[in-house]
Structure formats: structure tokens, C-alpha cells
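Structure incoming, see below.
Chain nomenclature is as follows: A, B, C, D, E and F, assigned in order of appearance, with residue numbering initiated at 1 for each chain independently.
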Amino acid sequence: MRPSGRAPNEMRPVILEPGYAKKAEGSCFVRFGDTHVLCTASLEERTPPWLKGQGKGWVTAEYGMLPRSTNERMRREASAGKQSGRTQEIQRLIGRSLRAVVDMKALGERQITVDCDVIQADGGTRTASVTGGWVALQQCVAWMMERGMLTASPIKDNVAAISCGIYEGTPVCDLDYAEDSTADTDANFVMTGTGGIVEIQGTAEGEPFSQDELSALMGLAKDSIADLVRLQNEAAGLK
Amino acid sequence: MRPSGRAPNEMRPVILEPGYAKKAEGSCFVRFGDTHVLCTASLEERTPPWLKGQGKGWVTAEYGMLPRSTNERMRREASAGKQSGRTQEIQRLIGRSLRAVVDMKALGERQITVDCDVIQADGGTRTASVTGGWVALQQCVAWMMERGMLTASPIKDNVAAISCGIYEGTPVCDLDYAEDSTADTDANFVMTGTGGIVEIQGTAEGEPFSQDELSALMGLAKDSIADLVRLQNEAAGLK
Amino acid sequence: MRPSGRAPNEMRPVILEPGYAKKAEGSCFVRFGDTHVLCTASLEERTPPWLKGQGKGWVTAEYGMLPRSTNERMRREASAGKQSGRTQEIQRLIGRSLRAVVDMKALGERQITVDCDVIQADGGTRTASVTGGWVALQQCVAWMMERGMLTASPIKDNVAAISCGIYEGTPVCDLDYAEDSTADTDANFVMTGTGGIVEIQGTAEGEPFSQDELSALMGLAKDSIADLVRLQNEAAGLK
Amino acid sequence: MRPSGRAPNEMRPVILEPGYAKKAEGSCFVRFGDTHVLCTASLEERTPPWLKGQGKGWVTAEYGMLPRSTNERMRREASAGKQSGRTQEIQRLIGRSLRAVVDMKALGERQITVDCDVIQADGGTRTASVTGGWVALQQCVAWMMERGMLTASPIKDNVAAISCGIYEGTPVCDLDYAEDSTADTDANFVMTGTGGIVEIQGTAEGEPFSQDELSALMGLAKDSIADLVRLQNEAAGLK
Amino acid sequence: MRPSGRAPNEMRPVILEPGYAKKAEGSCFVRFGDTHVLCTASLEERTPPWLKGQGKGWVTAEYGMLPRSTNERMRREASAGKQSGRTQEIQRLIGRSLRAVVDMKALGERQITVDCDVIQADGGTRTASVTGGWVALQQCVAWMMERGMLTASPIKDNVAAISCGIYEGTPVCDLDYAEDSTADTDANFVMTGTGGIVEIQGTAEGEPFSQDELSALMGLAKDSIADLVRLQNEAAGLK
Amino acid sequence: MRPSGRAPNEMRPVILEPGYAKKAEGSCFVRFGDTHVLCTASLEERTPPWLKGQGKGWVTAEYGMLPRSTNERMRREASAGKQSGRTQEIQRLIGRSLRAVVDMKALGERQITVDCDVIQADGGTRTASVTGGWVALQQCVAWMMERGMLTASPIKDNVAAISCGIYEGTPVCDLDYAEDSTADTDANFVMTGTGGIVEIQGTAEGEPFSQDELSALMGLAKDSIADLVRLQNEAAGLK
């Protein structure tokens, strides 16, 4: 029995609220239950130095948590003077995931930075960030198309993510904090709208897991991500 | 004529939403028009090392802005590796302002950290932070009293803040970004519920200002702060 | 009764010694009693990047304290790896104050950096820095005019500063350390030679203060600053 | 055809040289072809502060690359003033992998730090580090048992790692740099001696990959890791 | 011919002004011509952690330059966020030199920090720092003896320093900046009052030098240091 | 009697293994007994900014120690966030020493960085680094000449280094760790193939030393360095 009473294949209520941030070219406030992340997409008419002159753009991501998004206040990273290893790992994952569905030539020599700031954390902040980040990115591209900066969208597909795990012996999807902190195995899946795998990260927290268990988690992830893709498209006003 | 069409003594719509952050002992989401700040109060059962053993507590504040709270994306301070001079100046001001109305002996050997994170910035983020920070602090104290950790409140008075300035020759209250960036003079006032001055910071952006102009700004500030104090008490459920 | 035996409106002996630093384009060793600050002005034929090509110059300030300028040795900021919030706040204040009296167009695309290094600290280091910094700046401009780099001075007015406060119930001017550490209210005033206010920063250390008290402090400040302006002009060989 | 001419399921020559570092309690110089990593295990009779008094030990890892281990000289991280996100991600992975096979209660209140320093890099440095790191750890435990500090080994199983990927459409094991930089999909597998999965990290570099492709890579990984485990046991003098 | 017209064995005018800094336990403002350094000695009743409980004290030094002590303004190290390699090298040299003449057992579990801050730089700042630092240290010890904290001085001997070099083929003592920047060889000598060598650092700036040249420089150094020791004792009121 | 049983003028076995690092333009793995340092030379077709356009090149050095190269594990400098003063002092010495024998005009507008990474430390790492660094540099120049980038070698002479000291009253050469940690005097000599002195750094660890003692150490150094130069030439395939 899951602490929340959810069925094994039942996600938390997911809300994707586009356009939350008035100042950004694109944004989405994403909620998976009590996990709340504000994603913004910021356009710059320049590329990173190492890409200059290649006719290609770049998409990158940054991630942060408000100090009291968690049960215990965490030290503010700006005051500590550096981003933790965990923060860097997460923002690298978000960036890779979003880049996987963008045609950089079609984007042209521009950079879009997707900031994912966790307002409240209850498990699954990185997968919520990928899912909401895609909506913000989509909004930013729509903003550019309205202004004639692009004639066709460089976004080739959706990308969304979910964390699944083995909780008290049962494979379940969309781990919340109560599950995440005690699960035996925790795996994050990033998949496209057409079902391709972009990234998979599975970790045994206690006992090692088997290939069969991994397959069971992947089955749950596929179904959840299909649902998330539908919600993304609704939020983005597509189809 | 003000860009927003407001009267010189008219504040933007102010909304104080207490309890916004589920994980914190106290919180307030404060909006002055399009300026939005999330304030949380976090209790720790320890004091800073230099206060140890003196039977007194401490209240401190930290301030941050989300990278895309502004029209142009700002560099994330955690990634830059340090807090800017402006950030430090503001968080020192918030901390001093809140400490001015707290009886540290009555608080006991504890520390309350008030985090003020700017979700959207349209001028006046530091004064909104003081105003909302007081509500978060008040909630935190109420939380402690419910649990019997305190028998009487160590908060001696309200404290709230407003920025006033001279815009196109006219003294006006509650500057928004459009006014702030062109005003000749900009002054921040921090005052108590009983009308005492806790802090005043006035700066001539263009021409120096006169003592008469300063008095006019202070008059506007007094009235605005009286309104803010009323809103604080409503939000905090105090009569 | 003030610890030093001074009258409420009596400043400490003020000595402004121009040309102290042989290597700098302008300099002033300023003493307010036992508070000693070395101010130097350094000219560079370039502007900050964000000002480039606008036909305007820039004046900025940096502030530091020798580790044993104080009663207790402080940690050296270079060794700590960063400037404290207090240091940054002060150097921002000095820079703003000096810029308020300089015509940046007339200065041309150049930067002058005023370094204020506290050799000995006995209260009022920031106001001494503004006062001495102006003399260093004035010397630097004179140096440029002698060399034909400027035909008219871009300095529009004097700027000087004083701290006043309420000590044991009495408004007094030019607080020394003994007073500063126990005063109820401490206010720094920065004013021009023609009596305009450039900056005012008042803080209640204990009880909040009233508008009347603020007016009394401002009266003291005006008189003191008039005296300081006279001393500046003498030191700079003007008039 | 692989650039090296290897068969799809053929690893590079693997050499595990235990005891390379005279000063360390345990060490192993590990070579996968031209990828060379020096792993050392250092024992300290203390735990991290957050574990104190719980009767448990800790195993952690640090990772670094010599500046000219690569084709182009990289900036030295000590001189840059921080470890890159990639470095932190890798050392976190190594630490988690090693901890998965250690009984922390049996280790007692001690910390073992496994340093993995890349002397030469030709692809697969993180998986070589896990594989060689286990031998260093094993040596350190043997060193402790010889001295009577432990009566039974806290190491519950082997752990080793390999990277597999899809190169020109074919699943292959043990990617070298030439393959790694052009492979469509790159997956790192960390498995125990008994075949349990400890960690899996798969990333689509170009096109997303399918579940079938992932299964093929896992098949290759299982066989390779079984070979590595045999080599580990030989190197460690275990039968 | 030396730029200053001095004879090869002629030092610049040396002035040692003890007690310059009112707040410190010991201090000396030292001038070698236009090179001016303020040395202060600060006593703390604690030792560095690694010395704790050994019944011994410690003497350490820190070094800094005011940004405009030089012909061109240097970046402030506190603002750059770190001390340069040169700064660290110099402060390590000063510390070692002073420790060489102190009996750490006799000092007891205390630390004395000697800060050497360069007010104006014209060559030889490190050797001036050692020479003036000894006077500050001596004053600090006298201060302790007056208060009965020590019954006998832990200072076993004088220590002073001079830089010598080969300028246009001639060995000369006490290089000033004009000489230092063009000299072929530059050597710093640190010696005791009884003529023992504490430290020698010789560097060929252009051509390598010979053992005979080194001997000639040492001869000059011995005589200069004997003079400096006499001046130290006068300044310190000894003999 | 030396701990190792060596005669006073007997160096440890010295092995210079050129070409150890496959990826670098030049390299040398140098061993002085149990002190092992990997030196690599990396060529870049650019100069430091301050040299630009002067038709001259630059040679610089960086130094690091693997965390467990020593008896006790040291903190990794990349993780500490800065290089220690000792590290900076050593890499500055290596750089100066190598530059002393290179004709920068003949090198042209290029930079060669010599990295010296200590794999195992048993005393004398800095002098081993200079000695091995020269071989790496020589290899790098040979690599350039083979490719027609240079027609004549810019290396004017050999440069090698040795540490000598006074151990239990006797002058000895090539101190190992057991001697280094207890020697009264420790001096590092850097000399050219033709016997010129490039750098000398002598430090009294306990009692000051005399000029005679320094001469005795220099005599030992001369002979040792002559031997090292012969080994360098053999390793580099010269003569």
C-alpha cells in the first residue's frame, strides 16, 4: 500500500500552467501533487562561444531549489558560493533531455535557457522539471514564430519524464517523497512523444535489482509519459 | 501622470497570502502589483555561534531573485559563485528591519531565518520583502505558541516598508519599475505599527533633493505603511 | 556628556592631507580624530564594458580595512576570499556619492577608481571616505587638466559626509566608535556644497526614532558638512 | 566495423595492477586499453559528521583527470577553483557503486576514500574507476584484516562496470574514445558479482533508443562484467 | 651608476617608526626610501588547531598591497576573491623568517599574527616587511611582559632582511624598483642579529649567475643587515 | 648515517622515462627513488594575453599532487577550491627555472605548459619536477621540429635541480622524506648544463646556517646536477 493510497500505476494530480511568468518568453508552473516547479525559457540572440559561427543554436538548463522548498531549510547555494553536485547533475540531465528533441540548425544561432526553480519539493523535482521545461520551451518557440523569427518550429517531438521505483516490493510510478526516501530502487525515465528513450537512470538504493524489475518500471514509465505528453500538448494549445 | 495612472498616494493592489509554503513554519506570498515575493520563516533550535549562551535568539534574512523574475534574464547567483553587493545590502536591510520589532530574550536561544525569494520583479522588491517577511515571522511565532514553545509573543510591533520617490517632479508612493528606473529620488522607509522610523534610505538618482522633498516623501510613506500594517494584521489573523 | 567631552555639534579634529600617495593621480589621507583613511584616485583610459561607446565616463569606489585597523584583528578579506556585505555596501555608497557630483559626459570615456583604505578605525570610516575621496578625485581631475586631457572640470560640486546620531537622548554629530557602538540611532548624511541631499541612511539601533529626531540630526549634519566643504576646498587649493 | 577492429562483444585488454601506490592502504592501477586510472583507497578512523555515533562507516570516492590525460590539455580543476559538473557526477556514481556492496555496520565507524585519478583517457574512465576502485577497496579491507581491525570482510560482493553503446547500428561493449564520441547511444552499467544491477545510465546522444536496444546492451554488459569480476578476484588474490 | 646615485653598498634611508598603529599590541611603520609598509602584531590567546595542547605558540604573517601602492593600480585581492601566488609566497617567507628567532615553548599557547600592508611600493617590500615585522613582534612581546603574561622574552635574536642584486654588472644592495625591474640577478637575504642565515632566495632574471657573484651579494647583505639590526634595536628601545 | 644508507654525495636512483604520456607533445615520467612525477608538455598556438603581438612565446608550469601520493591522504585541491600557497610557490619556481633556458623569440608566439603531477611523494618533488620537466619540454620542441614548426631549437641549455641539506650535521645531497622532515637546513638548487645558477632557495628549519655550510651544499649540488644533466641528455636522445 502506497503512503498516498495511490494505485501502483497512478500518478499524482499533474497541473501544467503555461504563461505563469509574465517577463519570460515562455514559462510553465508545473505541479505533480505537492512538488511545484516554476520553469521559464529565456531567449538570447547569441550562442555559447564554442558554437559560434556554426549556424546552430543551443538549449541549456539551470536548476535550483528555494531554501525552504524542503522539510528542513537547506543552505542557499548562492550564499554557499557554489552549486552542489546534485544540482549540477540535475541541470545537466534537464538540458540533455530538452536538446534531444530540438533541431539546433533550425533554431539558428540563438540560445534558450530553461530555468527550473523548485518552489516546493515532494519528490520527483527533476522529472517535473523536464516535463514543465518542455512546455516553457514550446511557448518560447511559439513566441518566436509569432514574431516571424522562425518559420517552422525546431521542436521535433515532445519530451517528458517520470520517476518510477520499487516500493515495498511493488513497482510503482511517480514516487513522492515518502516513497522516494524508502524505495529499494529508483529509476528516472525520459522519453519522447513517440516513445523513444532519451535517458534512463536507475539506481539500487538497497539491494541490486534485476532486469525483470527494470522492465516492469519501464512499462509503468511508458504509460505515465504518454499521459504527460497529452497534458503537455493541452497546456501548449497543440492539437 | 504616473505610467500606471495611479494617484500620487495610491499604492498598487497589495495581496498578502499567508501559509503559501506548506513545509515552512511560517510563510507569506506577497504581491505589490506585479512584484511577487515568497517569504518563508524557518525555525532552528540553535543560535549563531557568537550569541551562544547569552539567553538570546536571532532573526536573520536572506534574499534572492529567480533568474527570470526580471525583463532580462540575470545570471543565477549560485552559478556565479557569489551574492552580489545589491543582494547582500538588501538582505541586511530586511534582517535589521525585522529584528527591530523582536524581543530577542523572549525568543530564547533560537534562530528564525526569513527567506525572501523574488518570483517576479516590478520594483519595490525589498520593501515587499520586509512587509511580507513580517507576516511569515508572525506565522512562525504563532506556530511556536501553538506548540507551547513560547507563552508570549516576542514580536513587539508590526514592521512594514514602502518605497516613495519623486517622479517627474511629484512625490509619489510605491514606485513600480517604470517609475523606479526614471525617478529623480528614491527613498525606502521602514516603519513600525506605531509610526516609529526603523530605517530610512534616500538616494538622489539625478539631482540632489531637499529636506522639504524628503518630508513630503515621508508623509506619503506614513500613510502607506499604516495601510500595510492593517493588511498584515488581517493576513495574520490579528485584529 | 559625550565620552570625548565634545559638544553635541562639535566634530573631531579633521585633517585632509592631499597628495599623500606618490604613485596615484590623486590622493588624500583623511583623519577624523583617530579614524584614518587613505583615499587614492586612479585614472584609466577605458570605461566599464557596459558603458562602451556612449561618450561617458565612470567613477567607482572600493573600500577596505587593514586587518588591525580595529580593536580586534579582523580576518583579511583577501584571505577569506570575499568582501563582506558591509564592505560592499560601503563601497557602493561611496561610489554613488561621488558620481552624484560628476558630469560623466564632460569626463569622457575614462574611469576613475577611488580606493578608500582604512588605516585606523574609530567610527565614521564611510563618511570620512566620501569626504577624503572627493579631495582625491579633485586632485586627479586637476592632474588631468594640467596635462590638457580636460579643458574644464567635470566636477560640478563638492560632496561630503558625516554621521550623526542620538547618544543618550541627545542628537550629536560625528560619532566616534565609543558613541557609535551604543547610540540609539545612527544616520549618515551625504550632501553637496550647495546643501542638496545626495544620500541619507538612518537606522534605529534600539528604539525606532521620530521624524523630529531625524530633523534634528539633519540640522547638525548640514552645519558639519558646510565645515567639511570648506576644509575640502582648502586642501584642494580651491578658492 | 569498430575502429579498433574488435568484435562487438570484445573488451579492450584489461590489466588490474594491485598495490601500485606504496603509501596507500589499498590501490590498483587499472588499464582498459589506453585508458589508465590510478585508484587508491585511504582509511580514516572517523566518519563524516552526519554519521557520527551511529555505529556505521562510510565509503566515498573522488575523481580527477590529469590536465594532459586527454588529446587537448584541459584546465586543471584546482586552478579553475572548482570541480566541473561532470567530475562531480562521476565521483558520485563511483561512490554509490562501491557503497552498494559494503556492509557499513560491519565496517564500523571509519571512512574509506577511494581516489580515482585518470592518468590517460581513452573512453570509459568512470567504468574503469569503479572496476579498479573495488580492487583498491578490497586491498584496504585486507590490510585492515591483517592488522586485526576487522575480523570479517564488510565487502558483500564484487562490483564492476562497463560502458556499452550502439556504434554504427551495432551494439558493442567497452566503448573507446573513437566510438564514444560518435556512438548514437551510450549506456553505463554497474553490476555485482552475482549479476544484480546497481546502476544503469543510458543516454541517447543522437536519436532516442528503444527498449530492445537497451536489452541488447545489457546482454553485452552482463558478459563483460562477469569477465571483469574474474579479473578483479585474480588481482585481489581471491579465488 | 645606480639610478638613485647611491653607492653600491648604500641602502636607502631607513626609518622604523614603532607604535604607529594605536589599536595593535605591536606595530612599526617601516620606510626604505619610497617603500612604506605598515606592520602590526596581533596577539590571540589561542593557537592554530593543529598545535593545540602541545604547550607551544605560533607566529604567522599576512601580506597585502594597497591597490594603488604601485605605479599602475592593481586589482584588489579581496575583490578578485583570492590572494595571488606572489602574495602567498611572500607571507610564507615573512612567517618563516620571524618564527626562526622565536622560542615557541616560551611563548606559550598563543598566536601572534604579523600583518604587513604595503602603503607604497618601490622595491623590496618583502624585506622591509621582515625588518619592520620584527619590531612589531618585539613591541607585542614587550606589551605582554608589561602585563605579566611573560616573564622572559621568547625572542631569541633579531631577524632582518635585504635584497641585493647585480645591476649593470655591479653587485648592489637594497634594490629599488628602477633597479629591481632591470637587474640580472635578484637575491633576498634574511639573517639574524648574530649573522646566521635564515633564508636565501636568489633568482637569475636574465643570465644565470655564478657562485662568486652570490658571495659578493652575500657580503653586501651581511653589512646591510648589521645596520638594520642596529636600527631595529634603537626603534625597539633595546640597548 | 643517512636513513637510506646512502653516502652524503649519493643521489637516489634516478630514472627519466620520456614519452610516457601518449597524448602529450612531450612527456617524462621521472623517478628519484620513491618520488615519482609525471611531467607533460602541452603546446598551444597562442600566448598569454599580456604577451600578444610581441613576437615572443611563453613557458609556464603547473604542479599538483595526487591526494594519496603522501603518507596521509591530503585534501584534493580541486575539491578545496584553491591551490595552496605551497603549490603556487612550487609551480612558479618550475616555470621560472624552465624559462631561464628558453629563447622566447625563437619559440615564437606559442605557449608550452609543463604539468608536473606527483604520483608518489618521498621528498624532492619540486626538484624532480624541474629535472623531468626539462625532458618533457625538450621532447615537445623535438616534436615541433619534426613537423617543421621550428628550424632551430629555442632551448639554450639544460636545466636541472636538486635539494641538498644538512642532516645530523653532515651536508648531504638529494634529501628523501625521512631526511627532509628532520634536516636542519634545506636548500634547493637549480642550475644549467654549463653550471650557472638559475635559482637558489635555502631555508634554516632549525638553527640558522653559515655561509660555509651553504658553500658545502652548493658543491654537492653542482656534482649532482652534472649527473642529472647527463641523464637528461640520454633520455632526450641528445649526444
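Assume contacts are C-beta pairs under 8 Å (C-beta built on N, C-alpha and C of every residue); 3 or more make two chains touch, one makes a residue touch a chain.
Just so we're on the same page, UniProt names per chain: A, B, C, D, E, F = Ribonuclease PH.
This one's a predicted model, so the numbers in the text were calculated from it and none came from an experiment.
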Minimum number of chain-to-chain touching steps separating chain C from chain F: 2
Between chain A and chain F, centroid-to-centroid distance (C-alpha), Å: 51
Whole-Å gap separating chain A and chain E, where each centre is the average of the chain's CA atoms: 59
Where chain C touches two or more other chains at once, by residue number: 81-82
Chain contact topology (line, ring, star, complete or other): ring
Going from chain C towards chain E, every chain in order around the ring: C, E, F, D, A, B
Parts of chain A lying in touch with chain B, wherever the complex brings them together: 21-24, 27, 34, 38, 40, 42, 44, 62, 64, 66-71, 73, 76-83, 87, 113, 115, 117, 119-121
Chain B - residues contacting chain C, complex: 82-83, 85-86, 88-89, 91-92, 96, 100, 187, 191-192, 194, 196-204, 207-211, 214-215, 218
